[in-house]
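By written order: A, B, C and D. Residues from 1 in each chain.
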Amino acid sequence: MIKVGIVGANGYTGFELMRLLAAHPEAEVTFASSRSLAGQKIAETYPTLSGYYGDMSYADVDLERAAECDVVFACLPHGQSAEICGKLIDAGAKVIDLSADYRYDDINLYEKTYKIDHPRKDLTKEAVYGLPEYNRREIAKARLIGNPGCYVTASVLALKPLADAGVINKKTVIIDAKSGTSGAGRKSDVAYNFNETDGNFKAYGVTTHRHTTEIEEKSGATVTFTPHLLTVKRGILATIYCDLKGSPDDAEKAYARYEKEPFVHYLGSTLPDIKAAAGSNCCYIGAKYEEKTGRLIVVSCIDNLIKGASGQAVQNMNIMFGLPETTGLPRVGFHL
Amino acid sequence: MIKVGIVGANGYTGFELMRLLAAHPEAEVTFASSRSLAGQKIAETYPTLSGYYGDMSYADVDLERAAECDVVFACLPHGQSAEICGKLIDAGAKVIDLSADYRYDDINLYEKTYKIDHPRKDLTKEAVYGLPEYNRREIAKARLIGNPGCYVTASVLALKPLADAGVINKKTVIIDAKSGTSGAGRKSDVAYNFNETDGNFKAYGVTTHRHTTEIEEKSGATVTFTPHLLTVKRGILATIYCDLKGSPDDAEKAYARYEKEPFVHYLGSTLPDIKAAAGSNCCYIGAKYEEKTGRLIVVSCIDNLIKGASGQAVQNMNIMFGLPETTGLPRVGFHL
Amino acid sequence: MIKVGIVGANGYTGFELMRLLAAHPEAEVTFASSRSLAGQKIAETYPTLSGYYGDMSYADVDLERAAECDVVFACLPHGQSAEICGKLIDAGAKVIDLSADYRYDDINLYEKTYKIDHPRKDLTKEAVYGLPEYNRREIAKARLIGNPGCYVTASVLALKPLADAGVINKKTVIIDAKSGTSGAGRKSDVAYNFNETDGNFKAYGVTTHRHTTEIEEKSGATVTFTPHLLTVKRGILATIYCDLKGSPDDAEKAYARYEKEPFVHYLGSTLPDIKAAAGSNCCYIGAKYEEKTGRLIVVSCIDNLIKGASGQAVQNMNIMFGLPETTGLPRVGFHL
Amino acid sequence: MIKVGIVGANGYTGFELMRLLAAHPEAEVTFASSRSLAGQKIAETYPTLSGYYGDMSYADVDLERAAECDVVFACLPHGQSAEICGKLIDAGAKVIDLSADYRYDDINLYEKTYKIDHPRKDLTKEAVYGLPEYNRREIAKARLIGNPGCYVTASVLALKPLADAGVINKKTVIIDAKSGTSGAGRKSDVAYNFNETDGNFKAYGVTTHRHTTEIEEKSGATVTFTPHLLTVKRGILATIYCDLKGSPDDAEKAYARYEKEPFVHYLGSTLPDIKAAAGSNCCYIGAKYEEKTGRLIVVSCIDNLIKGASGQAVQNMNIMFGLPETTGLPRVGFHL
């Protein structure tokens, strides 16, 4: 059994890890810390967890105890995470960081994007970007994983095959993305109150959203990225507009690289919806060609909390510990 | 034109008053105060209000300016409201208080229920309970209105005809009530975050909700009152269980008193749903008799923000100023 | 009082007309036909309408009776509507057609788009496109109005000022649009069942949606148009990507044409959300410039059933009958 | 591996079985029939199932092929199911029937409730009611299971301990129940269209719902049962009003019988919400005592598709095949 620690267990990604790992046959959460819930019994705070975490309580942040685990998942705000992950690595743990702090190759781009001085530049080179479909080999040997952003996962899995194959104009890509509200985290902000959100829909972070630079670094394309807030809890759908240089067939071929992937499904001209992905660790991709304009319109769907965060983190853990990559991960969505 | 002031204009009932009064042909909001929004332009804060409140800004709380209005609506928390309404009355304004502070006949019951010493006992006797279907004549002459609670409006309009007619056992009534989330107000509380609320449903305040005593005082019945939180924004549906002493026909007759009411519709054995009421100032009531148990099951629906708060407040204003009672009030729901 | 007839009163646009006209001080619905509801009492079918339509029943389709009205709103499927509207015109009524049948200038484009032979080509020239912000003068004199499509209203109001002013590349426009489910009409289709829709989000009609040609004809731009289905009942938000030729200031100036419009509000770089528009007859428009790509990202919001259908139809009626354009129309949204 | 057949695989309970069994380590769906989808590839119909059902197609109804499975789940309408299950039993299969046809001990009560002549009275005696917490031993030996109704599961698990212990008045019980829309099945009925359901809430089947007699037979109490339709997809919350004869402590003791149950959790005076249960096979129960009236208010929550249908069916299968009862079943909810 892999002993797992979770730091920041009360946020949505932390909770989702506890939920997913409850069903994982080879891993066990032995430490879960939350500043706000420290000392409270897990089963009383969240009755739904009582079947698995019956006697356990949330711990206060205690990096020594955390570092005794085989692997620690850090579910902390950007900036704070870099330092804590660094200390855990120093103490000998393997670390999967769900924040943005160890995702970037270009540390200047990170610092410009997040407006933070990175406190552990000694580790950023070593950290591996946790997108298994592209970095499996490196992940298997890594001590420190920068787990990809949710919008980035949906966008890069759809865009990179086309960019790598040279079949699109990499300078004119537009990503019109829509996310469920859990992407904003567990916030006590009136803007996310049910009354303000239900029945509404809006764009936000237009021209300024921080995932833009991560998408650009990982896909190699220049993108206009426009996120919107859906009135659903889980799921991202990205509609991606590409000016095709090659033929629609060339695009089709580019997606053949996913044929054996357990968690990425290319559906041809069938466009996926959020319901296909929500609840599972899968990414679904479809594409349609518009003859009138020569554009390829690609639609990509994931569950932002699973493939876009905690599920992908468990997938990375499976790889790091030599387990079959699908171990304990949901491959079918909730459907309802 | 009636000059209207609103104190506490940023909460949901305050906003709803601004929305409803924008369409009122005989009244005009000339003063709207909000501590948190003081100085901000209304049209910039809420673009949807720009057509009517183009140049106006939210004022800071200024009771002298408020008292220059013909009538002031107080949309303030229980306890705070009593004193401010008192000062407005002292300054010569007419006041409609949407809080609980001037609703009770029995001031001890109020103090016990809200755990507050009432600071203006000199006014509680004079204040009129603003349920027009029962107190029209008193409302017409009143200076100070205690506007009914939302659950209370739905419950009492359904229950009082039966209790008054003596056709039910007044000691065994159960009210199982379900409310939209706007009933909780404009809260930055994680419990009301979209993620926590959507797809959920729960009971709350079981055996302890403060509207219980108001229902009991106004209906004359002893009730078990169990509120629940729906995942809809607007609307209350109360399912009321009564042990019938008379015949179903007697109950039918008791509801005949609403025949000429513009805002209360008795539907016989057709049970209303929230959609019939949401968006309008109407209360819809239906009832079914269960022969096996001798129980009458009454269903009552209102929009908690309109007939349950701001719409009823405008209805009271219409009466106080000698206007037709329906002036400016919506009698058709949103439907969608 | 204008005597109003509604043909097809049971669909969502027909119902919305009945709801809006209930509050209209100068018009009265005297005839409402519905094949499926013929003979049923309106107040029993929809209790929420009981305050206004107390004794009235749905009529069967009876064009003679309809033609006795001063104006008839046709809420019928594409294709069917052309012929019925023609007969009503022949019988001397004024007609506002909410279908696509009388919207196009280029009747070949209509026939190609809808795959229908137009049965009344004698009337298509005379029919006026009912977008008041551009065709007020013609609407005032018209007998027959082709009321604009919902997506088209949101798109053209945002796009046409830029296209007319020559500040954008008219060949590279992308419209990524999202609509509430009422846009699909009152359907007994399992795909629109609450279970299938709630929590979901999807693109549909990609590269093939019929509103594309109407947008192109009315805006003068070539567009990639991608509609999506939101899990909200009302509202459209269109995110429009334009390659700017002029400066951001030129775009700003182009929107000055709406300064005195009662129902179109340009918000500068504040981007509107659906909540601002839902429930009102207003269109809200905002725009942001992305320096990196030279793109202008325009966001436009309307209520699809009001400004996108029945409200705009009433606006057209007001103009046709010489009333102030805002008579009886909601200028404030529901907010909640 | 247990070979599983599903008859009626396209309804919500059939789909839910396919979803749950995909993650079951000891069972495999080898036959799934659906009249409407016969011949279609499962992975194309439901992309979310592609990971597990890659090459499989929906079969037409073929009882011979179905009977080759070790166990067949029948997800068919009441009435139809009785005969088909009978034939499968005749052919030697074990059968778990999710309809009402084999649930009742008193076949007259069934026939009166469902207004159907039971075609296989020879089997009704033998059939075992599939509520594992009460009938484990009989289930282990059964060939034919009548899987409990959703409302019944939530109600009886909460009510039966109190009724059995004699601590409540069994003649005055009221169950005010609220269900998610998936309880109505996969319907192309305009009443379940998103527009009609979202934002709404209503009572239905008041005094006449068919689950009433099943609740009464299985709990031993006489009940007023009032179901309501929530705007959530999954989940039932039942609020149960009991007149207490014993003390609150006696009630507490009655629930001790669930202490070792993996799927029933008694929470004391903490009242569960739907979110605790939705997505899991667990039932959560809490209770509060109201001194003023001597009433015990019990709240019980389940997921109607899992513990209320397909999950409980799998639990029964586990017992019938000697597996640990929790095998392959979710014990943690979706939470979001």
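Descriptive notes on the structure:
Methods note: contacts are C-beta pairs under 8 Å (C-beta built on N, C-alpha and C of every residue); 3 or more make two chains touch, one makes a residue touch a chain.
Computed from a prediction, not measured in an experiment: that's the story for all the values here.
The most distant chain from chain C is D, comparing centres defined as mean Cα coordinates. The greater number of contacting C-beta pairs, out of the two interfaces A-C and B-C, is seen for A-C.
We define each chain's centre as the mean of its Cα atoms; on that basis chain B and chain C are separated by 35 Å. The geometric centre of chain A is 45 Å away from that of chain B, both derived from CA atoms. For the pair chain A and chain C, the distance between mean C-alpha positions equals 39 Å. Among the residues of chain A, those in touch with two or more other chains are 12, 182, 195, 198-199, 231-234, 272, 275, 336.
Chain A meets chain C in the complex at residues 172, 174, 176, 178, 195-196, 198-203, 206-207, 222, 224, 226, 228, 230-235, 237, 239, 241, 271-275, 278, 288-290, 292-293, 295, 297, 299, 336.
Listed in rising order, the residues of chain A touching chain B in the complex are 12, 181-182, 186-190, 192-195, 197-199, 231-233. Taken together, the chain B residues at the contact with chain C in this complex read 12, 15-16, 19, 22-23, 44, 46-52, 182, 199, 233-234, 262, 265, 267, 270, 272, 275-277, 279-280, 282, 284, 305, 330-336.
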